[in-house]
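In what follows, chain A forms one complex with chain B and a second complex with chain C.
Up next is the complex of A and B:
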């Protein structure tokens, strides 16, 4: 996947969104799950940031927190600074999740596509009506115009015979076509930021490639930024300018895609990359896998979250202090005491209670 | 769609014929017939019947034919002349007996049906939107009690309380004066007042169960991915609740309507007896007890027709509501 990926021009350093110390707690019967534990990142204009991690590491919660569409049980704190039209620079977390302000952001300025296109549409309404709803909400009240705008986007995402498809219901669409329709719905208002939550996970590989291609092309046309969430490292390499690796509610490593692949620093990242199957490798050994399982994010012990599973752990350090993201040069930041790139990793405070 | 409806209506005829046959067979199954029970009740009062009298009665009612001949004659009467036979109990045509009570039965039942949906839909939606709130708990409590309490018991309790409170015994929908003087406008307020108790009593259990259904369905639908999509699109919570969740949640509610048509016709039997309501249910019960077979047969058959019609109507309503059903029917 080394084709003509559009990389951010060095010039455009305008930050679209800035997430600072995002924490999400979920109240459950057994106690409080600390699912996201202080996440920091920003996304530049036109940039694609990949958010990688295994299931349950908090990547979806992080992305939904941006739109304020997490379940009521999730309590988010920290800051998500977004330069919203009509609102100026706001902390999205301050907005009432059911209020008008956040709704003027959702779908219009930040929109989202989901993992399973088959269930992302209501079976009761035509695809056209559901795409059009976004158009009517945010762009124009004129139904004729809205229809034209919606049809136009449907054509752009490669839905053939859009006029006919417009009046069809979700169950008459294939998975790939539904994902295109979902992308059309997300892009119809020309958002500044598109959050793609594992948009290709539920699709077969051929369709995956098509969808990714469309997303890249549309990014060029629309000039938007993308937050690309996935656990598929192969997809990340082709799609993203920068990649943030999440583990247990934290970003453990963040770097440009090339840098991350060429020079992974965190043992977890190394493990992840080691477990990707490469076609053409002579080595017929078993694929590498990381020992152990992700701990439940409740009453976590002090120290690094990866300590139990880490191959490079240093007793007395890693199980006492929680590492913070530290610069390792080249815009590469890692949260690890043991990794080679940052021998002097700052010893953060003790882990959260 | 039209073809589908046509096909369904054609299927109607054999279904109804078979049902009528089974009904007739079952009704005449118990030993004896109307004459037996008629003679028994009159003998108890001291009348003396000779064998010849009984044979004459039986012959005059056409009861000495085998049951399938009776059935054939009955069906022939219905199809050729629209004659549903003769009610032994009432001493006149079955149809006129049914028509006596039809208006009132349908009026009462229809109002009850409206009451049920008018109360249960908003309450169900409220409970789903405020899951685990105080209001939800209160309504759930009322809902369970209402579903679990037999209507006739509730009827007795309510009548007792009303009697204690007002000193008036509200039995039936008409007061003695109304019966004597005939209906006129001056009685309308009292009549409406008298409707309240049956409305409340018969409506409760249905209302409560619909509340539970709507609440469960709404919660189900609100957890679906598409509500998240709609929210991410910038839709308001009201749009999500009413346009998306409610429309899908209505499916089982609409299916439930199928049975309602029959309920409208026959009304609630036991509660009607307790509250002395002049509706169809008690008539059927009496007819079955005395083996007044043409009356019983006709009422049950009309109920069957209504059930089948109700199903067709609710299928059409479902197809109108849910495009997935609409399209699968095409094939």
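Up next is the complex of A and C:
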């Protein structure tokens, strides 16, 4: 434990959560999908880590594995070390997903905001009742007190007229208001870690800007860490301290936001950044686009997952060895032979350049 | 500044929906014109009426009032909204639509070949089967679909591929105008770029005119020649793309631009937050529709609706204070 504290970088102190070699396999009729293939990252106290990737890259599964709310079909292995109150440092994957221990973590110490606010709320209960649920479970049994706590949080996330809104049903809320209510629900127990899974994707840009501002402010107030999952590189730039880019179940690049945007290394990251047109820049004749599509995560060939679509691939290296995250200076880690030069293949393979 | 001759002239389109005794003015008095070969972007938040407007133009809805003057390939000027069904069929070939959701806009029980062929069957029932299939093959190859897979059903294709099917279906009749309603919004960024590039190429090749409806401002900025901004069913600003993005004249445009996430942590723009939410279109506020959320609002704004007028050549704005306000836009490199 002491070692871990020492390991952390300057500026931030303790590590809140550490994901080590997380792998998730899903059994389907056709075989086994290897959706998450060895993901490693950690999040420090008060830090926001962005997890970026296209649909199907495993970012949502990774986040849900932390809370143990993946489907039964998903088999997770590896370690998710979380410093839980009352439990000490535990591997969340060891806990029974329906057991008491994980339930003392879920919703209290780690909570989650989902993508679709319309779907995340039950239409049958009032907003207040749904926010109270977590409070009554974790903090107090007193309903009056719970109401006060809920109202307080609702005000904090910028819901005007909180008293009136408390007794309303989800259909009476607009999308942006509902997303605020969802954030209130996630924050009501003052979590250490907030997982935000595409929290603004379903919203308009103006509302998105409002929600992001609120999240930033609340992070300061509550001092929590955020795992921010999104496919939008623009949103990440304004929100996150560090960014991890995922492709086909792997983190292919991780760095501080400034470093990543100024100096993207992995061809996939470069492609992603290049395919977003920046307003104010001269119109190129063609947008940069990554050829092909993400392969299905079944029976993956050996070598780098991005090999087929990569512009910098080196035949005989990239399709033979599996690149691992390697230091590229400035705390920048990247899993690409073309970037780091030396193919440090997985099992002592020595490849000539 | 329109590229070619005026191909589409939308005049005072109005669309009201009635439901349970409530009238919703989804689109109120929108006018603009589009030149041949031009891409015209329409942006706005959800519920601002941009999709309704698009559907009115292809006459998927019957607008309450207004006219869509269309210059056909033969050169005659017709009001697309007034012609009877039979005549319309002839012209409808020339105006096609690409839809937002590549999942729900394709019939899961038809093969891709049949989907792309359907418009031909409907419009040229006498065309020989071989010719029809040849046309389908040609267009499928053009949009980048692997023609050996055309006998498959849509579920076997990815989102980007499906959107290509939708584009092929719209193109098979050789249209002149295509209304693209959020046609890349459901796609991942890397796929989005592929589809946008495809649209660009097709436009050059067939001299297509696009009406590009989207809420994604950076996509619109990339693809459009001119852009219209809608708020609560009304066009509040309309200008050539660069002008609109660098020198917006309507406060709503300004805050919309400031809300665009910029993919560069060192260049974050100062956000101009909009207070509150878009008002209920069934009960719009008095005066300027935007005054409830506008930070430049004056007494006059809450009483009197501003006129939509030309402020500079090619630049139309509906704001009382458009002249005096110095609003912030994006800095352009060049």
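We adopt the following convention: the second predicted complex is superposed on the first by the 327 of 353 C-alpha atoms of A that agree within 3 Å, B and C clash if a C-alpha of one lies under 4 Å from a C-alpha of the other, contacts with A are read in each partner's own complex, and residues count from 1 in each chain.
As a convention for this text, a residue touches a chain if its C-beta (ideal position, glycine included) is under 8 Å from a C-beta of that chain, and two chains touch if they have at least 3 such contacts.
Everything quoted here is computed from the prediction, not taken from an experiment.
Participant: Give the label of whichever partner, chain B or chain C, reaches more residues of chain A.
Facilitator: With both complexes superposed on chain A, more residues of chain A are touched by C.
Participant: Which of the two partners, first being chain B and second being chain C, lies in contact with A:177: first, second, both, or neither?
Facilitator: A:177 sits against chain C, while chain B stays out of touch.
Participant: With both complexes overlaid on chain A, does A:101 touch chain B (first), chain C (second), both or neither?
Facilitator: neither
Participant: Mind working out whether A:121 is in touch with chain B, chain C, both or neither, as first, second, both or neither?
Facilitator: Only chain B is touched by A:121; chain C is not.
Participant: Mind working out whether A:83 is in touch with chain B, chain C, both or neither, as first, second, both or neither?
Facilitator: Touch status of A:83: no partner.
Participant: Is A:18 touching anything from chain B or chain C once the two structures are fitted on A? First, second, both or neither.
Facilitator: So A:18 meets neither chain B nor chain C here.
Participant: Just chain B (first), just chain C (second), both, or neither: which does A:210 touch?
Facilitator: second
Participant: For A:112 in the superposed arrangement: first (chain B), second (chain C), both or neither?
Facilitator: A:112: touches chain B, not chain C.
Participant: On chain A, what residues does chain B touch that chain C touches as well?
Facilitator: Dual-contact residues (chain A): none.
Participant: Please name which positions on chain A make contact with chain C in the complex.
Facilitator: Of all residues in chain A, those touching chain C are 54-55, 174-177, 204-210, 213, 231-238, 257-258, 261-262, 271-283, 286-291, 293.
Participant: So in the complex, the part of chain C that touches chain A is made up of which residues?
Facilitator: Within the complex, chain C contacts chain A at residues 45-46, 158-161, 188-194, 196-197, 200, 215, 217-219, 221-222, 245-246, 255-266, 268, 271, 273-274, 277, 330-334.
Participant: Residues of chain A touching chain B in their complex?
Facilitator: Chain A reaches chain B through residues 67, 69, 98, 103-108, 111-112, 114, 116, 119-124, 126, 133-134, 137-138, 169, 171-172, 182, 185.
Participant: Along chain B, where are the residues that touch chain A in the complex?
Facilitator: Touching chain A from chain B are residues 224-226, 228-237, 244, 247-248, 321-324, 327.
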